[in-house]
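Naming follows writing order (A, B, C and D), and every chain is counted from residue 1.
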Amino acid sequence: MDRPTYTLVRDVMFFDTDIGGVVHNLAYLRLIEEARTQLAFLMGMDLKEMSSFSVFPVLLKTEVSYLKPATLGDCLRIEGCLSSLDRVRFFCDFIVYRQSDSAELVKCRQALAIVKMPEGRPQRLPKEWIEQWS
Amino acid sequence: MDRPTYTLVRDVMFFDTDIGGVVHNLAYLRLIEEARTQLAFLMGMDLKEMSSFSVFPVLLKTEVSYLKPATLGDCLRIEGCLSSLDRVRFFCDFIVYRQSDSAELVKCRQALAIVKMPEGRPQRLPKEWIEQWS
Amino acid sequence: MDRPTYTLVRDVMFFDTDIGGVVHNLAYLRLIEEARTQLAFLMGMDLKEMSSFSVFPVLLKTEVSYLKPATLGDCLRIEGCLSSLDRVRFFCDFIVYRQSDSAELVKCRQALAIVKMPEGRPQRLPKEWIEQWS
Amino acid sequence: MDRPTYTLVRDVMFFDTDIGGVVHNLAYLRLIEEARTQLAFLMGMDLKEMSSFSVFPVLLKTEVSYLKPATLGDCLRIEGCLSSLDRVRFFCDFIVYRQSDSAELVKCRQALAIVKMPEGRPQRLPKEWIEQWS
(Lines give C-alpha, C1' and ligand atoms only; values in the text may rest on other atoms or scores of the structure.)
Protein backbone atom coordinates (compact mmCIF):
# COMPACT_ATOMS: atom_id res chain seq x y z
CA MET A 1 0.00 0.00 0.00
CA ASP A 2 1.22 3.48 -0.78
CA ARG A 3 2.79 5.32 2.11
CA PRO A 4 0.72 8.29 3.32
CA THR A 5 1.42 11.77 1.96
CA TYR A 6 -0.06 15.16 2.82
CA THR A 7 0.05 18.56 1.13
CA LEU A 8 -0.53 21.77 3.09
CA VAL A 9 -0.97 25.15 1.38
CA ARG A 10 -0.50 28.37 3.36
CA ASP A 11 -0.06 32.06 2.56
CA VAL A 12 2.92 33.76 4.20
CA MET A 13 1.80 35.87 7.16
CA PHE A 14 3.48 38.97 8.64
CA PHE A 15 4.43 36.95 11.74
CA ASP A 16 6.22 34.45 9.47
CA THR A 17 8.61 37.16 8.23
CA ASP A 18 11.39 39.06 9.96
CA ILE A 19 13.23 42.35 9.50
CA GLY A 20 15.38 40.67 6.82
CA GLY A 21 12.29 40.83 4.61
CA VAL A 22 11.96 37.05 4.27
CA VAL A 23 10.30 34.16 6.11
CA HIS A 24 12.03 33.33 9.41
CA ASN A 25 13.56 29.85 9.75
CA LEU A 26 11.27 28.91 12.68
CA ALA A 27 8.14 29.69 10.67
CA TYR A 28 8.87 26.92 8.16
CA LEU A 29 9.21 24.43 11.01
CA ARG A 30 5.83 25.48 12.43
CA LEU A 31 4.25 24.84 9.02
CA ILE A 32 6.06 21.48 8.78
CA GLU A 33 4.60 20.62 12.23
CA GLU A 34 1.16 21.41 10.87
CA ALA A 35 1.71 19.18 7.82
CA ARG A 36 3.06 16.38 10.03
CA THR A 37 0.04 16.56 12.35
CA GLN A 38 -2.31 16.19 9.37
CA LEU A 39 -0.13 13.28 8.19
CA ALA A 40 -0.55 11.70 11.64
CA PHE A 41 -4.35 11.92 11.27
CA LEU A 42 -4.06 10.18 7.86
CA MET A 43 -1.92 7.44 9.42
CA GLY A 44 -4.80 6.77 11.78
CA MET A 45 -3.51 8.49 14.92
CA ASP A 46 -6.34 9.89 17.01
CA LEU A 47 -4.30 12.50 18.85
CA LYS A 48 -7.13 13.40 21.23
CA GLU A 49 -7.62 9.78 22.27
CA MET A 50 -3.85 9.15 22.43
CA SER A 51 -3.38 12.21 24.64
CA SER A 52 -6.05 10.88 27.03
CA PHE A 53 -3.72 7.88 27.54
CA SER A 54 -0.65 10.17 27.66
CA VAL A 55 0.70 8.61 24.48
CA PHE A 56 2.15 11.06 21.95
CA PRO A 57 4.16 11.11 18.73
CA VAL A 58 7.51 12.62 19.78
CA LEU A 59 10.18 14.20 17.63
CA LEU A 60 13.61 12.58 18.01
CA LYS A 61 15.54 14.44 15.33
CA THR A 62 15.16 17.15 12.71
CA GLU A 63 17.48 17.92 9.82
CA VAL A 64 16.45 20.98 7.84
CA SER A 65 18.15 22.80 4.96
CA TYR A 66 17.18 26.30 3.92
CA LEU A 67 17.71 26.64 0.16
CA LYS A 68 15.87 29.79 -0.94
CA PRO A 69 13.86 32.45 0.88
CA ALA A 70 10.11 33.10 0.67
CA THR A 71 8.54 36.45 1.46
CA LEU A 72 5.21 38.20 2.12
CA GLY A 73 2.84 37.67 -0.81
CA ASP A 74 4.16 34.16 -1.47
CA CYS A 75 2.02 31.10 -1.04
CA LEU A 76 3.82 28.03 0.33
CA ARG A 77 3.08 24.39 -0.47
CA ILE A 78 4.40 21.89 2.09
CA GLU A 79 4.53 18.31 0.83
CA GLY A 80 5.09 15.68 3.51
CA CYS A 81 5.31 11.90 3.44
CA LEU A 82 6.05 8.95 5.65
CA SER A 83 9.33 7.83 4.11
CA SER A 84 10.34 4.79 6.18
CA LEU A 85 9.94 3.07 9.55
CA ASP A 86 11.52 0.45 11.77
CA ARG A 87 10.26 -1.18 14.98
CA VAL A 88 10.12 1.98 17.11
CA ARG A 89 10.93 4.91 14.84
CA PHE A 90 9.31 6.41 11.77
CA PHE A 91 10.76 8.97 9.38
CA CYS A 92 8.99 11.77 7.53
CA ASP A 93 10.27 13.93 4.67
CA PHE A 94 9.05 17.41 3.86
CA ILE A 95 9.71 19.85 1.05
CA VAL A 96 8.45 23.42 1.19
CA TYR A 97 7.78 24.83 -2.28
CA ARG A 98 6.86 28.32 -3.45
CA GLN A 99 3.46 27.68 -4.99
CA SER A 100 3.86 30.13 -7.92
CA ASP A 101 6.90 28.48 -9.54
CA SER A 102 7.39 25.28 -7.47
CA ALA A 103 10.88 26.44 -6.42
CA GLU A 104 12.25 24.24 -3.60
CA LEU A 105 12.75 26.48 -0.56
CA VAL A 106 13.28 24.13 2.39
CA LYS A 107 13.99 20.39 2.75
CA CYS A 108 13.44 18.60 6.03
CA ARG A 109 13.71 15.06 7.42
CA GLN A 110 12.37 14.14 10.84
CA ALA A 111 12.61 10.99 12.99
CA LEU A 112 9.80 10.25 15.44
CA ALA A 113 8.67 7.69 17.97
CA ILE A 114 5.40 6.97 19.78
CA VAL A 115 6.11 7.68 23.44
CA LYS A 116 4.26 7.08 26.70
CA MET A 117 4.53 10.19 28.90
CA PRO A 118 5.75 11.24 31.39
CA GLU A 119 8.08 8.20 31.53
CA GLY A 120 9.23 8.88 27.96
CA ARG A 121 9.15 5.17 27.05
CA PRO A 122 8.99 4.55 23.26
CA GLN A 123 6.27 2.10 22.21
CA ARG A 124 6.62 -0.52 19.50
CA LEU A 125 4.98 0.86 16.33
CA PRO A 126 1.59 -0.66 15.37
CA LYS A 127 1.88 -3.97 13.48
CA GLU A 128 -0.37 -2.64 10.71
CA TRP A 129 2.05 0.22 10.01
CA ILE A 130 4.92 -2.20 9.55
CA GLU A 131 2.84 -4.53 7.38
CA GLN A 132 1.50 -1.75 5.18
CA TRP A 133 4.34 0.68 4.90
CA SER A 134 7.76 -0.80 5.62
CA MET B 1 2.27 45.07 52.17
CA ASP B 2 3.41 46.28 48.76
CA ARG B 3 1.89 44.51 45.81
CA PRO B 4 4.39 42.40 43.85
CA THR B 5 6.18 43.85 40.82
CA TYR B 6 8.57 42.32 38.34
CA THR B 7 10.89 43.78 35.70
CA LEU B 8 12.05 41.74 32.72
CA VAL B 9 14.79 42.96 30.37
CA ARG B 10 15.14 41.41 26.91
CA ASP B 11 16.99 42.26 23.70
CA VAL B 12 14.86 42.27 20.54
CA MET B 13 15.46 39.10 18.51
CA PHE B 14 15.07 38.58 14.74
CA PHE B 15 12.01 36.39 15.39
CA ASP B 16 10.42 39.29 17.30
CA THR B 17 10.47 41.50 14.19
CA ASP B 18 8.57 41.30 10.91
CA ILE B 19 9.01 42.57 7.36
CA GLY B 20 7.72 45.98 8.50
CA GLY B 21 11.10 46.41 10.22
CA VAL B 22 9.63 46.58 13.72
CA VAL B 23 8.67 44.22 16.56
CA HIS B 24 5.50 42.22 15.76
CA ASN B 25 2.49 42.74 18.04
CA LEU B 26 2.48 39.09 19.19
CA ALA B 27 6.10 39.27 20.34
CA TYR B 28 5.29 41.87 23.01
CA LEU B 29 2.57 39.60 24.37
CA ARG B 30 5.01 36.68 24.60
CA LEU B 31 7.37 38.88 26.63
CA ILE B 32 4.47 40.03 28.82
CA GLU B 33 3.63 36.34 29.41
CA GLU B 34 7.20 35.81 30.53
CA ALA B 35 7.03 38.78 32.93
CA ARG B 36 3.67 37.56 34.27
CA THR B 37 5.02 34.07 34.90
CA GLN B 38 7.89 35.50 36.92
CA LEU B 39 5.35 37.65 38.78
CA ALA B 40 3.38 34.46 39.54
CA PHE B 41 6.51 32.93 41.10
CA LEU B 42 6.93 36.08 43.25
CA MET B 43 3.29 35.81 44.38
CA GLY B 44 4.10 32.35 45.67
CA MET B 45 2.61 30.21 42.89
CA ASP B 46 4.52 26.97 42.43
CA LEU B 47 3.47 26.34 38.84
CA LYS B 48 4.99 22.85 38.75
CA GLU B 49 3.13 21.77 41.87
CA MET B 50 -0.07 23.50 40.75
CA SER B 51 0.10 21.75 37.37
CA SER B 52 0.42 18.37 39.13
CA PHE B 53 -3.04 19.15 40.63
CA SER B 54 -4.28 20.51 37.27
CA VAL B 55 -4.68 23.97 38.78
CA PHE B 56 -3.46 26.85 36.59
CA PRO B 57 -3.53 30.63 36.39
CA VAL B 58 -5.78 31.32 33.39
CA LEU B 59 -6.09 34.49 31.34
CA LEU B 60 -9.63 35.88 31.17
CA LYS B 61 -9.00 39.13 29.34
CA THR B 62 -6.24 41.16 27.74
CA GLU B 63 -6.35 44.82 26.72
CA VAL B 64 -3.22 45.98 24.95
CA SER B 65 -2.35 49.30 23.28
CA TYR B 66 0.57 49.65 20.90
CA LEU B 67 1.98 53.17 21.23
CA LYS B 68 5.39 53.17 19.54
CA PRO B 69 7.41 50.54 17.68
CA ALA B 70 10.66 48.88 18.79
CA THR B 71 13.15 47.37 16.39
CA LEU B 72 16.21 45.13 16.14
CA GLY B 73 19.01 46.50 18.31
CA ASP B 74 16.61 47.81 20.94
CA CYS B 75 16.52 46.44 24.44
CA LEU B 76 13.06 46.18 26.03
CA ARG B 77 12.15 46.57 29.69
CA ILE B 78 8.83 45.04 30.70
CA GLU B 79 7.51 46.26 34.06
CA GLY B 80 4.64 44.25 35.49
CA CYS B 81 2.64 44.49 38.70
CA LEU B 82 -0.32 42.97 40.44
CA SER B 83 -2.67 45.94 40.35
CA SER B 84 -5.83 44.69 42.07
CA LEU B 85 -7.84 41.61 42.98
CA ASP B 86 -11.30 40.50 44.06
CA ARG B 87 -12.55 37.12 45.29
CA VAL B 88 -11.81 35.14 42.14
CA ARG B 89 -9.99 37.45 39.74
CA PHE B 90 -6.70 39.31 39.85
CA PHE B 91 -5.49 42.04 37.53
CA CYS B 92 -1.98 42.74 36.28
CA ASP B 93 -0.65 45.81 34.49
CA PHE B 94 2.36 45.86 32.19
CA ILE B 95 4.28 48.58 30.41
CA VAL B 96 6.92 47.78 27.82
CA TYR B 97 9.63 50.45 27.68
CA ARG B 98 12.53 50.94 25.32
CA GLN B 99 15.45 50.62 27.68
CA SER B 100 17.64 53.32 26.07
CA ASP B 101 15.26 56.28 26.54
CA SER B 102 12.41 54.77 28.63
CA ALA B 103 9.89 55.55 25.87
CA GLU B 104 6.55 53.81 26.54
CA LEU B 105 5.95 51.37 23.69
CA VAL B 106 3.11 49.11 24.84
CA LYS B 107 0.57 49.20 27.69
CA CYS B 108 -1.32 46.11 28.73
CA ARG B 109 -3.87 45.09 31.37
CA GLN B 110 -4.80 41.48 31.98
CA ALA B 111 -7.48 39.78 34.13
CA LEU B 112 -6.77 36.29 35.44
CA ALA B 113 -8.30 33.57 37.58
CA ILE B 114 -6.98 30.40 39.23
CA VAL B 115 -8.75 27.56 37.47
CA LYS B 116 -9.09 23.80 38.05
CA MET B 117 -8.70 21.96 34.70
CA PRO B 118 -10.21 20.40 32.71
CA GLU B 119 -13.52 21.48 34.30
CA GLY B 120 -12.48 25.14 34.02
CA ARG B 121 -13.85 25.96 37.51
CA PRO B 122 -12.39 29.19 38.97
CA GLN B 123 -11.08 28.79 42.52
CA ARG B 124 -11.44 31.37 45.28
CA LEU B 125 -8.16 33.31 45.52
CA PRO B 126 -5.94 32.50 48.54
CA LYS B 127 -6.96 34.36 51.71
CA GLU B 128 -3.39 35.64 52.17
CA TRP B 129 -3.49 37.38 48.80
CA ILE B 130 -6.65 39.24 49.73
CA GLU B 131 -5.28 40.15 53.18
CA GLN B 132 -1.95 41.34 51.83
CA TRP B 133 -2.76 42.95 48.53
CA SER B 134 -6.41 44.01 48.20
CA MET C 1 -22.15 47.51 0.18
CA ASP C 2 -21.70 44.80 2.78
CA ARG C 3 -18.63 45.11 4.94
CA PRO C 4 -16.05 42.39 4.28
CA THR C 5 -16.04 39.21 6.39
CA TYR C 6 -13.71 36.22 6.45
CA THR C 7 -13.94 32.76 8.01
CA LEU C 8 -10.83 30.73 8.80
CA VAL C 9 -11.01 27.06 9.84
CA ARG C 10 -8.05 25.43 11.59
CA ASP C 11 -7.43 22.23 13.54
CA VAL C 12 -5.76 22.67 16.93
CA MET C 13 -2.07 21.74 16.74
CA PHE C 14 0.20 20.47 19.55
CA PHE C 15 2.09 23.79 19.52
CA ASP C 16 -1.24 25.59 20.12
CA THR C 17 -1.72 23.77 23.44
CA ASP C 18 0.14 24.00 26.75
CA ILE C 19 0.68 21.80 29.79
CA GLY C 20 -2.73 22.89 31.08
CA GLY C 21 -4.20 20.63 28.39
CA VAL C 22 -5.90 23.47 26.51
CA VAL C 23 -5.07 25.99 23.75
CA HIS C 24 -2.68 28.72 24.94
CA ASN C 25 -3.95 32.31 24.85
CA LEU C 26 -1.30 33.43 22.34
CA ALA C 27 -2.31 30.73 19.85
CA TYR C 28 -5.78 32.25 19.40
CA LEU C 29 -4.21 35.62 18.62
CA ARG C 30 -1.97 34.05 15.97
CA LEU C 31 -5.05 32.54 14.32
CA ILE C 32 -6.86 35.89 14.56
CA GLU C 33 -3.82 37.48 12.82
CA GLU C 34 -4.19 34.94 10.05
CA ALA C 35 -7.92 35.70 9.66
CA ARG C 36 -7.21 39.46 9.69
CA THR C 37 -4.55 39.12 6.99
CA GLN C 38 -7.01 37.27 4.75
CA LEU C 39 -9.56 39.99 5.53
CA ALA C 40 -6.96 42.57 4.42
CA PHE C 41 -6.62 40.79 1.07
CA LEU C 42 -10.42 40.89 0.67
CA MET C 43 -10.41 44.63 1.43
CA GLY C 44 -8.07 45.06 -1.50
CA MET C 45 -4.75 45.46 0.34
CA ASP C 46 -1.86 44.10 -1.69
CA LEU C 47 0.50 43.50 1.25
CA LYS C 48 3.48 42.67 -0.99
CA GLU C 49 3.08 45.90 -2.96
CA MET C 50 2.38 47.92 0.20
CA SER C 51 5.50 46.53 1.87
CA SER C 52 7.59 47.58 -1.16
CA PHE C 53 6.50 51.17 -0.29
CA SER C 54 6.99 50.52 3.46
CA VAL C 55 3.29 50.99 4.08
CA PHE C 56 1.70 48.47 6.45
CA PRO C 57 -1.53 47.85 8.35
CA VAL C 58 -0.54 48.35 12.00
CA LEU C 59 -2.33 47.18 15.12
CA LEU C 60 -3.16 50.00 17.56
CA LYS C 61 -5.19 48.09 20.11
CA THR C 62 -6.46 44.60 20.94
CA GLU C 63 -9.16 43.65 23.42
CA VAL C 64 -9.61 39.92 23.79
CA SER C 65 -11.80 37.87 26.15
CA TYR C 66 -11.22 34.18 26.75
CA LEU C 67 -14.59 32.53 27.41
CA LYS C 68 -14.08 28.77 27.07
CA PRO C 69 -11.07 26.58 26.35
CA ALA C 70 -10.39 24.51 23.21
CA THR C 71 -8.13 21.47 23.18
CA LEU C 72 -6.32 19.03 20.90
CA GLY C 73 -8.78 17.33 18.56
CA ASP C 74 -10.96 20.44 18.30
CA CYS C 75 -11.40 22.31 15.07
CA LEU C 76 -11.64 26.10 15.39
CA ARG C 77 -13.64 28.47 13.22
CA ILE C 78 -12.50 32.11 13.33
CA GLU C 79 -15.05 34.58 11.97
CA GLY C 80 -13.73 38.07 11.32
CA CYS C 81 -15.28 41.23 9.95
CA LEU C 82 -14.55 44.88 9.35
CA SER C 83 -16.91 46.41 11.88
CA SER C 84 -16.37 50.18 11.50
CA LEU C 85 -13.92 52.84 10.37
CA ASP C 86 -13.17 56.54 10.68
CA ARG C 87 -10.69 58.74 8.81
CA VAL C 88 -7.52 57.00 9.97
CA ARG C 89 -8.57 53.93 11.96
CA PHE C 90 -10.52 50.79 11.17
CA PHE C 91 -11.92 48.24 13.59
CA CYS C 92 -12.22 44.48 13.19
CA ASP C 93 -14.20 42.00 15.28
CA PHE C 94 -13.39 38.33 15.65
CA ILE C 95 -15.11 35.40 17.30
CA VAL C 96 -13.39 32.04 17.66
CA TYR C 97 -15.89 29.16 17.69
CA ARG C 98 -15.45 25.45 18.33
CA GLN C 99 -16.53 24.03 15.01
CA SER C 100 -18.31 20.94 16.43
CA ASP C 101 -20.93 22.79 18.53
CA SER C 102 -20.36 26.48 17.60
CA ALA C 103 -19.54 27.30 21.23
CA GLU C 104 -18.05 30.82 21.53
CA LEU C 105 -14.51 30.46 22.87
CA VAL C 106 -12.82 33.82 22.31
CA LYS C 107 -14.04 37.32 21.40
CA CYS C 108 -11.68 39.95 20.09
CA ARG C 109 -11.82 43.54 18.83
CA GLN C 110 -8.86 45.23 17.19
CA ALA C 111 -8.17 48.81 16.06
CA LEU C 112 -5.77 49.35 13.17
CA ALA C 113 -4.27 52.09 11.03
CA ILE C 114 -2.38 52.18 7.74
CA VAL C 115 1.09 53.41 8.62
CA LYS C 116 4.12 54.55 6.64
CA MET C 117 7.29 53.02 8.17
CA PRO C 118 9.75 53.66 9.67
CA GLU C 119 8.33 57.12 10.52
CA GLY C 120 5.16 55.51 11.89
CA ARG C 121 2.91 58.15 10.28
CA PRO C 122 -0.75 57.01 9.93
CA GLN C 123 -2.20 57.54 6.44
CA ARG C 124 -5.73 58.68 5.70
CA LEU C 125 -7.81 55.59 4.85
CA PRO C 126 -8.71 55.13 1.14
CA LYS C 127 -11.76 57.18 0.06
CA GLU C 128 -13.40 54.04 -1.39
CA TRP C 129 -13.32 52.33 2.01
CA ILE C 130 -15.13 55.24 3.61
CA GLU C 131 -17.66 55.45 0.78
CA GLN C 132 -18.38 51.72 0.74
CA TRP C 133 -18.14 50.69 4.35
CA SER C 134 -18.63 53.56 6.81
CA MET D 1 42.28 33.21 20.37
CA ASP D 2 39.47 31.23 21.95
CA ARG D 3 36.36 30.85 19.87
CA PRO D 4 33.37 32.73 21.28
CA THR D 5 30.88 30.96 23.55
CA TYR D 6 27.63 32.11 25.13
CA THR D 7 25.43 30.70 27.89
CA LEU D 8 21.74 31.57 28.12
CA VAL D 9 19.61 30.66 31.16
CA ARG D 10 15.82 30.62 30.88
CA ASP D 11 12.93 29.27 32.96
CA VAL D 12 10.41 27.13 31.08
CA MET D 13 7.24 29.12 30.33
CA PHE D 14 3.69 27.80 29.79
CA PHE D 15 3.92 28.70 26.10
CA ASP D 16 7.05 26.50 25.84
CA THR D 17 5.06 23.41 26.87
CA ASP D 18 2.34 21.46 25.10
CA ILE D 19 -0.48 19.10 26.08
CA GLY D 20 2.08 16.28 26.33
CA GLY D 21 3.24 17.95 29.55
CA VAL D 22 6.74 18.71 28.24
CA VAL D 23 8.56 21.46 26.33
CA HIS D 24 7.58 21.56 22.63
CA ASN D 25 10.35 20.93 20.08
CA LEU D 26 9.99 24.41 18.53
CA ALA D 27 10.50 26.13 21.87
CA TYR D 28 14.07 24.79 22.18
CA LEU D 29 14.87 26.17 18.74
CA ARG D 30 13.56 29.61 19.74
CA LEU D 31 15.87 29.57 22.77
CA ILE D 32 18.77 28.42 20.59
CA GLU D 33 18.02 31.37 18.27
CA GLU D 34 18.25 33.65 21.28
CA ALA D 35 21.60 32.16 22.32
CA ARG D 36 22.90 32.41 18.75
CA THR D 37 21.91 36.07 18.50
CA GLN D 38 23.83 36.86 21.68
CA LEU D 39 26.75 34.88 20.25
CA ALA D 40 26.55 37.06 17.11
CA PHE D 41 26.87 40.18 19.29
CA LEU D 42 29.96 38.66 20.96
CA MET D 43 31.46 37.94 17.53
CA GLY D 44 31.17 41.64 16.79
CA MET D 45 28.07 41.67 14.59
CA ASP D 46 26.10 44.88 14.98
CA LEU D 47 22.76 43.49 13.80
CA LYS D 48 21.08 46.90 13.73
CA GLU D 49 23.80 48.38 11.54
CA MET D 50 23.96 45.25 9.36
CA SER D 51 20.21 45.35 8.84
CA SER D 52 20.46 49.00 7.70
CA PHE D 53 22.68 47.65 4.88
CA SER D 54 20.34 44.64 4.36
CA VAL D 55 23.11 42.27 5.42
CA PHE D 56 22.04 39.45 7.76
CA PRO D 57 23.33 36.23 9.28
CA VAL D 58 21.23 33.54 7.56
CA LEU D 59 20.65 29.96 8.65
CA LEU D 60 21.62 27.38 6.00
CA LYS D 61 21.10 24.19 7.96
CA THR D 62 19.97 22.91 11.37
CA GLU D 63 20.47 19.43 12.81
CA VAL D 64 18.79 18.96 16.16
CA SER D 65 18.41 15.86 18.36
CA TYR D 66 15.91 15.69 21.20
CA LEU D 67 17.34 13.48 23.94
CA LYS D 68 15.26 14.10 27.07
CA PRO D 69 12.23 16.24 27.83
CA ALA D 70 12.06 19.33 30.05
CA THR D 71 8.88 20.54 31.72
CA LEU D 72 7.31 23.46 33.56
CA GLY D 73 9.35 24.33 36.65
CA ASP D 74 12.63 23.41 34.97
CA CYS D 75 15.29 25.98 34.26
CA LEU D 76 17.20 25.52 31.00
CA ARG D 77 20.83 26.39 30.30
CA ILE D 78 21.71 26.78 26.62
CA GLU D 79 25.44 26.67 25.89
CA GLY D 80 26.43 27.81 22.41
CA CYS D 81 29.76 28.20 20.65
CA LEU D 82 31.25 29.03 17.29
CA SER D 83 32.71 25.63 16.40
CA SER D 84 34.30 26.16 12.98
CA LEU D 85 34.25 28.31 9.86
CA ASP D 86 35.38 28.35 6.24
CA ARG D 87 35.40 31.16 3.67
CA VAL D 88 31.65 31.73 3.56
CA ARG D 89 30.06 29.53 6.22
CA PHE D 90 30.33 29.33 9.98
CA PHE D 91 29.09 26.57 12.25
CA CYS D 92 27.64 26.84 15.75
CA ASP D 93 26.99 24.07 18.29
CA PHE D 94 24.43 24.22 21.06
CA ILE D 95 23.55 21.99 23.97
CA VAL D 96 20.45 22.57 26.08
CA TYR D 97 20.92 21.37 29.65
CA ARG D 98 18.48 21.10 32.53
CA GLN D 99 20.03 23.49 35.01
CA SER D 100 19.25 21.44 38.15
CA ASP D 101 21.21 18.29 37.21
CA SER D 102 22.99 19.31 33.98
CA ALA D 103 21.20 16.53 32.06
CA GLU D 104 21.67 16.95 28.29
CA LEU D 105 18.25 17.52 26.75
CA VAL D 106 18.88 18.78 23.22
CA LYS D 107 21.92 18.92 20.91
CA CYS D 108 21.99 21.16 17.88
CA ARG D 109 24.41 22.11 15.10
CA GLN D 110 23.72 24.98 12.72
CA ALA D 111 25.45 26.23 9.57
CA LEU D 112 25.18 29.93 8.72
CA ALA D 113 26.33 32.48 6.16
CA ILE D 114 26.37 36.27 6.02
CA VAL D 115 23.98 37.19 3.23
CA LYS D 116 23.11 40.41 1.36
CA MET D 117 19.31 40.67 0.98
CA PRO D 118 17.12 40.54 -1.00
CA GLU D 119 19.53 39.05 -3.60
CA GLY D 120 20.51 36.32 -1.13
CA ARG D 121 24.21 36.58 -2.06
CA PRO D 122 26.55 35.09 0.60
CA GLN D 123 29.43 37.41 1.57
CA ARG D 124 32.97 36.28 2.29
CA LEU D 125 33.40 36.08 6.07
CA PRO D 126 35.46 38.86 7.71
CA LYS D 127 39.25 38.26 7.48
CA GLU D 128 39.56 38.77 11.27
CA TRP D 129 37.18 35.89 11.95
CA ILE D 130 39.28 33.54 9.85
CA GLU D 131 42.53 34.76 11.43
CA GLN D 132 41.23 34.51 14.97
CA TRP D 133 38.98 31.49 14.94
CA SER D 134 39.70 29.07 12.08
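One rule holds in what follows: a contact is a pair of C-beta atoms (placed from the backbone, for glycine too) under 8 Å apart; a residue touches a chain by one contact, two chains touch by 3 or more.
The structure displayed is predicted, hence computed values, not measured ones.
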| item | value |
| --- | --- |
| Comparison of A-B and A-C (more C-beta pairs in contact) | A-C |
| Duplicate of the C-D contact set - from B-D, A-B or B-C, the pair where over half of the pairs recur | A-B |
| Chain centre separation (subunit A, subunit C; CA means) in Å | 27 |
| For subunit A paired with subunit D, centre-to-centre distance based on mean C-alpha positions, whole Å | 22 |
| Separation of mean Cα positions, subunit B and subunit A [Å, integer] | 32 |
| Residues within subunit D bordering two or more other chains | 14-15, 19-22, 26, 30, 33, 51, 56, 71-72 |
| Subunit D partner contacts - residues on subunit C that touch it in the complex | 14-15, 17-22, 24, 26, 71-72 |
| Touch list for subunit C against partner subunit B, complex | 19-22, 25-26, 29-30, 33, 51, 54, 56, 58-66, 68-69, 71, 117-118, 120 |
| Partner subunit D, residues of subunit B touching it in the complex | 11, 13-15, 30, 33-34, 37-38, 46-49, 51, 56, 71-73 |
